[in-house]
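Structure first, commentary second.
Chains here go by letter, A, B, C, D, E and F, matching the order in which they are written, and residues are numbered from 1 within each.
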Amino acid sequence: MPAVKKHRIVDSITRESIISNLANSTRLDERGLLDYRNLEIETNILKDKTNGSARVKLGESEVWAGIKVETANPFPDTPAEGVMTCNAEMLPICSQYIEPGPPDENTIELSRVSDRGIRESGMIDIKELCIKEGERVYSVYIDVAVINEDGNLFDAVSYAATTALLMADMNKFTIENDEVKMLDEKQPLPIKSVPVSTTFAKIEDKIIIDPNADEQEMATARVTLVTDENGKYVSGQKGKPGGFTFDELKEISVISKEKGDEIRVKIREAVKNGS
Amino acid sequence: MPAVKKHRIVDSITRESIISNLANSTRLDERGLLDYRNLEIETNILKDKTNGSARVKLGESEVWAGIKVETANPFPDTPAEGVMTCNAEMLPICSQYIEPGPPDENTIELSRVSDRGIRESGMIDIKELCIKEGERVYSVYIDVAVINEDGNLFDAVSYAATTALLMADMNKFTIENDEVKMLDEKQPLPIKSVPVSTTFAKIEDKIIIDPNADEQEMATARVTLVTDENGKYVSGQKGKPGGFTFDELKEISVISKEKGDEIRVKIREAVKNGS
Amino acid sequence: MPAVKKHRIVDSITRESIISNLANSTRLDERGLLDYRNLEIETNILKDKTNGSARVKLGESEVWAGIKVETANPFPDTPAEGVMTCNAEMLPICSQYIEPGPPDENTIELSRVSDRGIRESGMIDIKELCIKEGERVYSVYIDVAVINEDGNLFDAVSYAATTALLMADMNKFTIENDEVKMLDEKQPLPIKSVPVSTTFAKIEDKIIIDPNADEQEMATARVTLVTDENGKYVSGQKGKPGGFTFDELKEISVISKEKGDEIRVKIREAVKNGS
Amino acid sequence: MSKNNIERISGRAPDELRNVSIKAGVIKNADGSALIEFGKNKIMAAVFGPKEVHPKHMMISDRAIIKCRYHMMPFSTDTRKRPNISRREIEISKVIREALQPAIIMEDYPRTAIEIYIEVLQSDGGSRCAAINAASTALADAGINMRDLVTACAAGKVDGQVVLDVDDTEDKTGEADMPIALLPNTGLITLFQLDGNLSKEEFDKALELAKTGCDKLYKLQRDALSEKYFDGKNGNKEE
Amino acid sequence: MSKNNIERISGRAPDELRNVSIKAGVIKNADGSALIEFGKNKIMAAVFGPKEVHPKHMMISDRAIIKCRYHMMPFSTDTRKRPNISRREIEISKVIREALQPAIIMEDYPRTAIEIYIEVLQSDGGSRCAAINAASTALADAGINMRDLVTACAAGKVDGQVVLDVDDTEDKTGEADMPIALLPNTGLITLFQLDGNLSKEEFDKALELAKTGCDKLYKLQRDALSEKYFDGKNGNKEE
Amino acid sequence: MSKNNIERISGRAPDELRNVSIKAGVIKNADGSALIEFGKNKIMAAVFGPKEVHPKHMMISDRAIIKCRYHMMPFSTDTRKRPNISRREIEISKVIREALQPAIIMEDYPRTAIEIYIEVLQSDGGSRCAAINAASTALADAGINMRDLVTACAAGKVDGQVVLDVDDTEDKTGEADMPIALLPNTGLITLFQLDGNLSKEEFDKALELAKTGCDKLYKLQRDALSEKYFDGKNGNKEE
C-alpha cells in the first residue's frame, strides 16, 4: 500500500545553498527560476529493433524511448480503434534510490501521467490505427527507460516518448478477400499534434521550472502541465504533499505555454535532423 | 503459507464474563445460546451499477452484496452452462485486524464457503444461464464487501449474497440468424431454491449460534451448515483448531434447520418489500 | 533479485573427510571419482492420471516425473509445431532447506536446463505434434517432482523426464470435414533420440561425477553436459561461482559420452521392462 | 451564472453540484469514518490511528506516516472490475494521500501511522473528489489534529461549456475534467489533475468554478461533523 | 449392511473402503513422513520440526506454531493443474491444519515451528482425508508428542444411497460428499465439510458411516507405524 | 583460419567478431558503469557498492554478497517483451553472477553488498556475453578490487561450420551456440553453456575459438578503462 518511503537525501549544506540562491532568484546550478536545463534530443538510437526511438538528456536526467508497433485484436467496446500503451521504467541503474522489482507508486504515476499527456492531446489518431474493424488493429507500445535520474522525469519521459512517436513508422496492411495481408511498405504513425509537458516545483514560495533531483526532493509541491500546439491545456498533475495557490497555478499555466512552444521547436528540429 | 496468525485480542475480563455467562446459558449481550442477533436486510442499495444488491446487518457485522450479470464464453467442458463466481472481500475499513492486500486464508475460506452454499444448493439453475451453447452464456458475479466485522461473517455474507441474487435481473437475449442479439428487456435470474446458512461456535462445551467477534475468537470450534427449503443439508464447513462430538453435530443439524427456516422468512420478506 | 542465499551446511568434519578422501581419489561413500551412485528407474508409477510416468532414485535423490499430453492452439509463429513444457518443482518435503513458494533461481535453472536437454536434442519431433496446422497441436507437459534431495538433481530430473516421455502415449486424432475428431486409439510420442545428462563437480582441483548434496555444496563449480545417442553434445550448463580450465572441460566431455552411453542402456532397459 | 447556457443532460445549471450527503461515524470498528453519497457515488472512508507502525523501519521519529488506499469494489463500476488493485487505484491513492497530508498535523503523532482507507461501493464521475471529502470528514471524526478540512470538487468542459462537477453521463461526451482539492483556510490547492482540452480562459474559469464547489463541500463536511457531535442542529443536505 | 443395496460402480459394498496402504518413513530428509495409497490417491506427507520459527515475529512463547501446506502436482489431476497454489489448495491447507492441530501437544514445543507438507502425486476422490491420514502418520513418525492420531474418511451419497468413501468415478454422479476427521480417543470431529444434498436421516447415517471408515484408517495408521518401528509384525493392508 | 570456409551471412570470417565498442563511466549516478555495443547489442551495466546489505539477514560477516540482475527492456527484442522479469532473465542473472563472482575479491568488503545491474536496450545474439563484458568493465570502473577482468564470448556452429560469435541472424539457422566467460589470468571458465549439436571435434574447436574471442574482449575492456582514466591513449575499437 502506498505510504511514505525512503527518499533521496539532500544534505543540509545543499539545502541551505538552494534556499539562499532562490532568495536571490537564482539556482545552485546558476539557472534562472524559469530556465530549463540543457536539453539534448537524439533519434534513431535503437533502430534495429524498434519502429521509432529517441534519447533525451535533460541536464543529467537521461531516458531512452522505443516504440514497437504490433497488431492485436481490438477491445470489444472499441472495435474500430487501435490500442496505445505507455510504460516508463525506473531502471535500477539510474539511481541508488531505485530498487529492482515491480513499479512503485512513483513509477506508476510517471507512466500514467506520460500516457495521459499523449492520449488526451489526441497526438495519435487511434481511429487511423484500425486495420479491419472488430478484427485487427495496430497496437502501439511506448516504452521508456530511465537511465540516469536527476529530477523532472515527467518532462524527460514525455519528450522522449513524443519524439520517438514522431520518428516511428509501421507496416502497411491491405484487405484481400476479407483477409488481412501485410504489405512490404511502411508508413508513418497517424500523428495529429505534438503535446509538450512542462513541470514546475515550489520551494519556500518560489516557483521554479524543470527541478533537478535535489530541488525536486526539497519541493513541497510539483505540478506538470501539458499543452498542445494550439495552446490548449490537455493534461495536468500535481504531486507531493503540499499545494499551490490559485494565483500560482494561473501563473504557471501562462509560463507552461511559452516554455512548451520553445521545447516543441526543439523536438521538431530533432525529428527533422533524424529523418 | 497458511500458519497461525495475529488474531483479535479478547481481554481477560471479557473472556471471564463470556464464560461465566455461558455457564448460566446466557451471553454477554443478553442473548440466549441459540438466539441470533438482530438481523436487518435492505435491498437495492447499489441500484445504479449492479443487477441486484443487498445490505445485511447482523448485530454489528455489516456486509454489502452486489450482483453483476455479464456474458462470457462457456468453459469447454460445460458448453451449455452459465458461470457463477462468489467473492467476499474483507475491506480494511471493517476492522483494525484486517490489512489491505490479497486475500488471506480466512477470506479465501469465507469466499469459498459462501460460493459452495449457493452452488451446492442449486440456487441458480446454471443450465438456464446458457444463451447459445458453446458460444455465449451468462456470467453471474457475486461480490460481497465486509464493511464492519463483528463475527459470523459466514452467515452475513450468505444472507447478503442470497438476497442480492433474489433481487437481481439480467438482460434477455435472442438468437437471430445464428447471431446473439440483446433485447431491451430484463428477466429475473433462474432461481430454484433459497439456501440459508447457520453458524455455531463452541466455547467450553457450550454450543452457541451466531457468535460475535469476541465469542468467535474464544471458540475452539466453529461450524456452518447450509440448508435449503426442503430441509436438506447442502453444505457444511467446520473451522478453528478444535472439534465437535458426533452428538453435538447431530444436535446442531437439527437447530440449523429450524433457524434456517426462520431466516428464510426474513430474506423473502426483504425481497418482497424491495421488489 | 537473485543473490547469495542460505545454503546447505556441511559440517567441518564432513568437509575434511570429503577432502582427504578425494586426495586419495575416493569418496566418502566409497565411490570412485567417476562412479555414479546406484540408479533405480521405475516406470508407470502414476498410471491413472498421466500419459507416462517414471520414478528415478539416484542414490538418495528421488524424483517423480509425469507426462500430460493435451491439445492447444499453436503459437502464431509456429502454426505447424506442437508445444513442450518442462517444469521441475523442489517440493518442500524434499529437504529442510527448501521453502514452499514460487520457484527460486535454482529451481528455475533446474527446470530450464532439463527443458533444454530435451528440446535441443530434438528428442520429441515437434512437427509430428501438429494435429491441424494453425488450429490444433499437441501440448506435452513434463512435470517433475523432487521428493528427496541428495544432490545431482540435474541428472535425476533428466532421467525421469526422459524415461516418462519414452513411456508416454497420446490420443490419436483425425480430421473429418475440416473438424478435428479424437479417435479411441493411442499412439506413442514421436521420439527421435534419447538425450542423457551427466553432471560433474570440482572440489579442490578434483573432478568428480554425480555429486551428492554435501559434495555439491562444497564444490566450487559444477557442469552438466547432455549427449545424444550419436555422441553429440546437445546441451551444457556450468553452475556455482567457480570455474573449470579448458583442459578440465575437454576431459569432462570425453567422460560425459562414456557415462551417458551406460546410462542410456539403463533407461532403455527400464522402458522395455515397463512396456 | 446559470442563465444563457446550454442545458446539461442532468438538467443541472453549469455551477450546480449533484446531490451530496455526508454522514460521519458510520463504521463502528474504525477510529473515524464517513459515508459520502455524491451523485451516484457511494464511498466510505475509514481512519485507523494514530497506531503502531508496521513494518518498524517505516517509522519516522518526529512525525506520523500517512498510509492511504483508494479501492473500488468489483460491483462499483459499469463493467465488473477485477478484484486486484489496478495501476489507476495506486495512482489515485497517491494523489489523495498527497491532497490530505498537508492538512494533518503529523508532528503531533511522532512514530505512529495514520491509515486512511477509502472504499468505492458505487462509482460515478468525480469519485476521487468525493473520496477526499469523505476521507477528510473521517479524519476529523477520528479526532486527528488538522490544520483544516480538505475539500474537493471538479470542474470540466461539456459541450463546449465549462461546468461544475461532471458526472459519468456527461463524462462520456465531456471534453475536459479538472478535479482539485483545497485547504480553504490557506487557499492551497493540494490536488490538481487535468485531462482533456481547455483554453487558457477555460482553464481559469474551471479553476474558479471548482473553487465554488469546494466551498459548498466544505460546509457539507462541517455539517456532517456537527450532525454527529451536536445532535444534528445543522442541516446536511445540498439541494 | 452391504446387502439389499444398489451396486456401486466400483463393486464395493456401501460400507467398504477402497484399498488403502500406508507406509511411514519414506522420505529420508524429513523428520517424519508417510506415503498413503488410498484408491488411486498417492499422497506423501512430510514433517519438519520442531524447528526455529521464521520470520521471528510469528513465534509464540508458550507453544509451537503449526504450518501446513496441501499441494497438488500438475500431473496429479485429470487435466494438468497449473503449478501455482490455487484458492482450493489454500482452503484445504487450512482445514487440514485445523484438523491436525488439536492432536499435537503444542505446549511441549514452545517457540518452535512444526511444518507439515502434503504432496498429492495422484489424486482421486477423498484426497483431503487421505492427506490427513498420511500427515498424522508422518507427525507420529517424526516423534512429535500427540494426544492421539487423527484419522479421516468421507461418506457420501451416490445413486440415492449413503455410502462410505466416494471415489472420483462415483463423485461424478454423486449427490453428496462429507469428509470428516476424528480424534478417536476423544471422539472429537476436527474436520467436517459437506457438499451436496442430504436429508436429516442421510446426514446422521453418513456421519456414522464415516466414523466406521475412520476406525479402519486408525488401525492402518497404527499398523504403518508398527511396521516401521517393530519390523512389521502387524499387517498393513486393508482388503 | 578464415580461408577455405563457407561464407557467413554477415560476411565475417569464421573467427571474426562483430564490431564491438565499450565505454566506461556512462551513468553518472552509478559507482561504476559501462555501455557495450556488440553487433546490434546495446547493453548498459551499472555497479552500486560496496553498500549496506538490505535485508540485514543476508549479510555475510567475512565477505560481500553479490547481487546481479540481467533485464531486457520491452523494446529490446524483435517482438515486444512483457515488462515482468521472465524465467529466462532469472536464469541468465544467475549464470552471469556466477561468472563474475570469482573475479571479485569479496573478502575485501565484509558485511556489504555489491549490486550489478544489467540493462539490455537492444538485443542481438550473444547478449549474455556482451553483458558480462560490460559488467566486468563496470565493476572495474567502480573501483571494486578484482583478481582479473572477466571476459566473455561465444562460439557456435552455423551451416556445419564452427564459427566465432553467432549473431541473431545466424542464430536462426544455427546449429549450436556455446557462450563462455573466462578469467584470463587463471584460465578459468566461469560461464559455460551449450545448446545445439556438436561433435567432440566441434566441441573442442568451439572452445578454442571462443577463447580467441575472449582474448579480444579482454583487450577492449582494458582499453575502455584506459580511455576513461588515462585520456584515451589506447584505442577502443575492434576493426
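Basically, a contact is a pair of C-beta atoms (placed from the backbone, for glycine too) under 8 Å apart; a residue touches a chain by one contact, two chains touch by 3 or more.
Because the structure is a prediction, the values reported are computed rather than measured.
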Relative to subunit A, largest Cα-centroid distance belongs to chain E
Farthest chain from subunit B by C-alpha centroid distance is chain F
Two candidates, B-D and B-E; the one with more touching C-beta pairs is B-E
Per the C-alpha centroid definition, the whole-Å distance linking subunit A and subunit F comes out as 32
Per the C-alpha means, the centres of subunit D and subunit F lie apart by a whole-Å value of 52
Separation of the C-alpha centres, subunit C versus subunit F, in whole Å, is 27
The positions of subunit E in contact with two or more other chains are 69
Check: subunit A positions touching at least 2 other chains come out as 1, 100
Within the complex, subunit D is touched by subunit B residues 45-46, 48-50, 53, 60, 64, 66-68, 70, 87, 89, 91-96, 100, 102, 141, 143, 145, 147-150
Within the complex, subunit F is touched by subunit C residues 1-4, 105-106, 108-109, 111-112, 116, 120, 221, 223, 225, 228, 231-246, 249-250, 253-254, 257
The residues of subunit F that touch subunit A in their complex are 27-30, 33, 40, 42, 44-46, 48, 51, 69, 71, 73-80, 83-84, 115, 117, 119, 121-124
Per the touch rule, the subunit E residues reaching subunit B in their complex are 58, 60, 65-69, 87-88, 90-91, 93-95, 97-98, 101-102, 113, 178, 183, 186-200, 203-204, 207-208, 211
